[in-house]
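Both of the next two complexes hold chain A, though its partner changes from chain B to chain C.
Here is the complex of A and B:
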């Protein structure tokens, strides 16, 4: 475990070094300096304590909204109760230089037979007295999963109490992995834990997309002998009925959920072209949105989660209609107001941020095509009509997907047959490798 | 003594050649006929010998992206489906009239390596209807290899 953690740290440092000339910053407040002493726990299973304390620390570190001050610098013991903070000299022990703590999170674990009860507090210790921002009690079975789940919930509550909600600690990521021998859909917790195989179709799958309510997953599968859209229930892990519009020898791919979860946009071959369509999630009401001439490919639609008021919705997608190389376009969800983003090069794999303000995408900026240079993750900002570069390395970085907090992205990096998944804050901080076994690709972050 | 051996070898060779000629002429030279087992063996051997060593280990350097899959599908339907069928089954009128008949890309061809599929498309297959696609880029051919992988017969499972 230590070695694994060390390797993740080293990879993180390597990524951070590669990403050092970052040009983007998270707008908003500076990060709070926070102390998080281990939670008091007498009579609690040692493994559960370790799980809880390390998951909570990692969640708050990964949140990228606080600067966690290292425990080796702490000069005070953890508060044994809230009353300790009424003592001015104890409180100043945290706030004095060099610790200069602004927010203090602490609490306790209790084990009653098979139950685990956690009490968590968050204090603004810069106030001379008081300053309680959060006090909450959580209960779960005294298992590894139970401890993990409480830590995630508490982390989200702390992030929200700091004014940065919603947190991502309880979110999930769907992805494609070949580690079982065929390309199947998998899901995992946002931190890479709890990796689960969701399909057993023994064929090729890609482009998994979790529905806004988290219940259904749309993806492309060749299980019926040609690439077609399939729906999977995430509660039963069974395929749901969905029409095969393309039929034998056809092609359907790259599904995307509308923000209300009632529609899907996807790409389907029509004649010599591949066009963007929308359809109700029940498989009715198929509508074609693009009409191209001369062997043009339109793929990878993605809806604006927060479209402008009065608009019928917006969809960004990839098309090569302007020339050989694919480019990013935006249109209304009825096919009107087609606009090309002024990029050039080879621009693919759009992901719209939950606040609607920006589009993450993969870009080979040279005009020589996909293999003419590094493929990096960029972010297009609709407000300033400009882009910023997120990754800077020699790897092939592709398929970015925004987290529900508008602050993190997950993406794939590495050679074609050994790519892995990484998450990173949009300011380039807190990079983490999430997968190691087999080839892992095309991640999709859940909506909540 | 040596003379006897030479006569024996020549007689055996003549007998084998005669037997093969008889087998072949008995069936005529129609492309519709089912090949004899000797022919099938020889054809299989020649296909194996035609593949340069190491080609089986060549991996597809181009990942299956939505763009590449769409482009490969468009190319397949224009260039390949006439013989191989829209879904790769090879059950087309043209495919079944060729000698040898086109393989089932959904079945037997799935056992071939990516490198072998690439080589067959790029260089064609001698003494068959499969032409060499010399004018297509490596990327386009690797895209077709990726697409052919999606043709795999559905597994029978619940």
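Here is the complex of A and C:
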């Protein structure tokens, strides 16, 4: 119901956006028509086959770089071997109208005792002969998780072989969920599978941020009596030491990793203001970046993953220094060259795209004062100095986070106190609801 | 030292001499100025052939007590005609409760018929009991607090103390000044609209603004702690202006007083 309405709204936006000739990240990239028959299998547990085939299908569908043609339309059986493609009439069974297949992915599964072996191929069948783009073999334990992991890896390899890498099929998303009774840090696969609770602090947790190397997660927790930054090791599930600069009665929040993983930017109460600081990941070398007057709040910093060559880095953040309502600012990572984005309204929650060219954010656009609270996700393009609207509904859409393929975003949406997480391609295609239980918010997509 | 029998110089002669001879010899030794075991008070019938050495043991249970508690001394003896505990005659075998007020050494001495002795000793250590636990100070809850201390409410996206909040906080300051034992927590709240991250900071700003105002009215800053929950823990959840206003506040709770 809700997801269908969102799909219609997003697709409507996609058409409108294309008509306006705005700069969007995947404009101009044609989507190959791809056929993906079930993989051949001999002696493989039926449930593993189903897991593998359905995960591979969903990964390639979600990638938003191919049009997967439905299997009910196929006129040919899947190739039993590469040699089948040497037969011109077999090949043309795929390429002829109305199927018009351009890329064919196929392969086989074998189960040897407790091991699963998958052989996968990708062919450009528009070539009169040959056209092999990928041939790879994968081995893993013959478990549901093992089959799922192979499908994800093969999907990424197919996306890369098509020229659209890196794929997102092996990436993960961190988020906050209250389904255990308190707001805690959780992680899940990018497709919503494997949702795991990672903290048990029984307090308020906010703003999880995965480090660029995927090993550490920074977040805010009020468990010590005041909002403070904490670090969690994603490999051992233990909290790592990190100094509490704020102390009793203080406030620290919104951590953000530098693209080289060596520093964190964060917000900390300083006198009557909240200022942006950077510190080394080992807790040393605290540097203050903003200096404000008059009860100013500076929060939610995010680094440019691809700053211009020779720059000390760039940080976007939220500030209400220009009046009462929060606005978006960009500065160098040493605090200089402060610039406000020309937005107006109530603008928050910036997320910088992996290629450095865009900023996704949440906006109540026509807001001179009080408002209904409905906010939408927008994308600001630095090059054209213009924005594109991604969501268009009456819900509270907030907290966008870019995927590492620079094509997808995850965000939270829903009525107050009942938000869920959704992923979508930046052109509005392939929306997916990722969570259903409890209130889920503040998603953060991993860097790889 | 337990049950060590002292050998008399005559032990080698025991087997050779009769009882009377032993007596005679004993008297003769006494006349010559030698220190000898005194004659037994009651005429015993020591074995004619042998006068073995006495033995004695002494135990205390327990060996360490708190002042005011009791312990039990237990002794046994053999080949003895008389036993003394710290100088007082006691049964040849027996036990006795004691409650020394400080650490004390106890000794038993056993005497054989021919005047040999054995002794044993034990020490009971007496320690002071721990002082009685001070009960923790009671948690006092001021029953008039919730009625008397009013929250301060704020405009949308603002942390300024507006006139109605000033009036409430002046009254709160008076209450706090007249209840010097009270300490308070101020929790900053926001309505549910907008960024949770920004609202956490805004809530903190609101709590700080309330604290500053109370301090400006003469309340000691050390009595006031502040924190923020942003838009979490709302007072109401409907989406209307009335509920939004209800949630934009600095909320007072009682601290864990002095």
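Structural remarks
Everything below uses one rule, namely that the second predicted complex is superposed on the first by the 416 of 448 C-alpha atoms of A that agree within 3 Å, B and C clash if a C-alpha of one lies under 4 Å from a C-alpha of the other, contacts with A are read in each partner's own complex, and residues count from 1 in each chain.
Basically, a residue touches a chain if its C-beta (ideal position, glycine included) is under 8 Å from a C-beta of that chain, and two chains touch if they have at least 3 such contacts.
Treat the numbers as computed from the prediction; the structure is a model and nothing was measured.
Following the overlay on chain A, a clash is recorded for the pair chain B and chain C.
By the touch criterion stated above, A:300 is placed in contact with chain B and with chain C alike.
Within the superposed three-chain model, A:373 lies in touch with chain C and out of touch with chain B [touch as defined at top].
When the two structures are aligned on the shared chain, A:269 is found in touch with chain B and with chain C. Shared-chain residue A:200: touches chain B; no touch with chain C. Residue contacts after overlaying the shared chain place A:318 against chain B and chain C alike.
After overlaying the two complexes on the shared chain, residue contacts for A:223 are found with chain B alone; chain C is out of touch.
Overlap of the chain B and chain C interfaces on chain A: residues 204, 206-207, 222, 225-227, 248-249, 251, 253-254, 267, 269, 272, 274, 295, 297, 299-300, 318, 320, 326, 348-349, 370-371, 396, 398, 416-417, 441. Residue ranges of chain B in contact with chain A, taken from their complex: 59-67, 69-71, 73-74, 77-78, 81, 85-88, 106, 139, 149-155, 157. Across the interface of their complex, chain A is touched by residues 156-159, 192-198, 200-202, 204-205, 208-209, 225-230, 232, 234, 237, 239, 241 of chain C. Interface of chain A with chain B (complex): residues 200-204, 206-207, 222-227, 248-251, 253-254, 267, 269, 272-274, 295, 297, 299-300, 318, 320, 326, 348-349, 370-371, 396, 398, 416-417, 419, 441. Residues 183, 204, 206-207, 220, 222, 225-227, 248-249, 251, 253-254, 267, 269, 272, 274, 295, 297, 299-300, 318, 320, 324-326, 346, 348-349, 362, 364, 369-373, 375, 396, 398-399, 415-417, 441-442 of chain A are the ones that touch chain C when the two sit in their complex.
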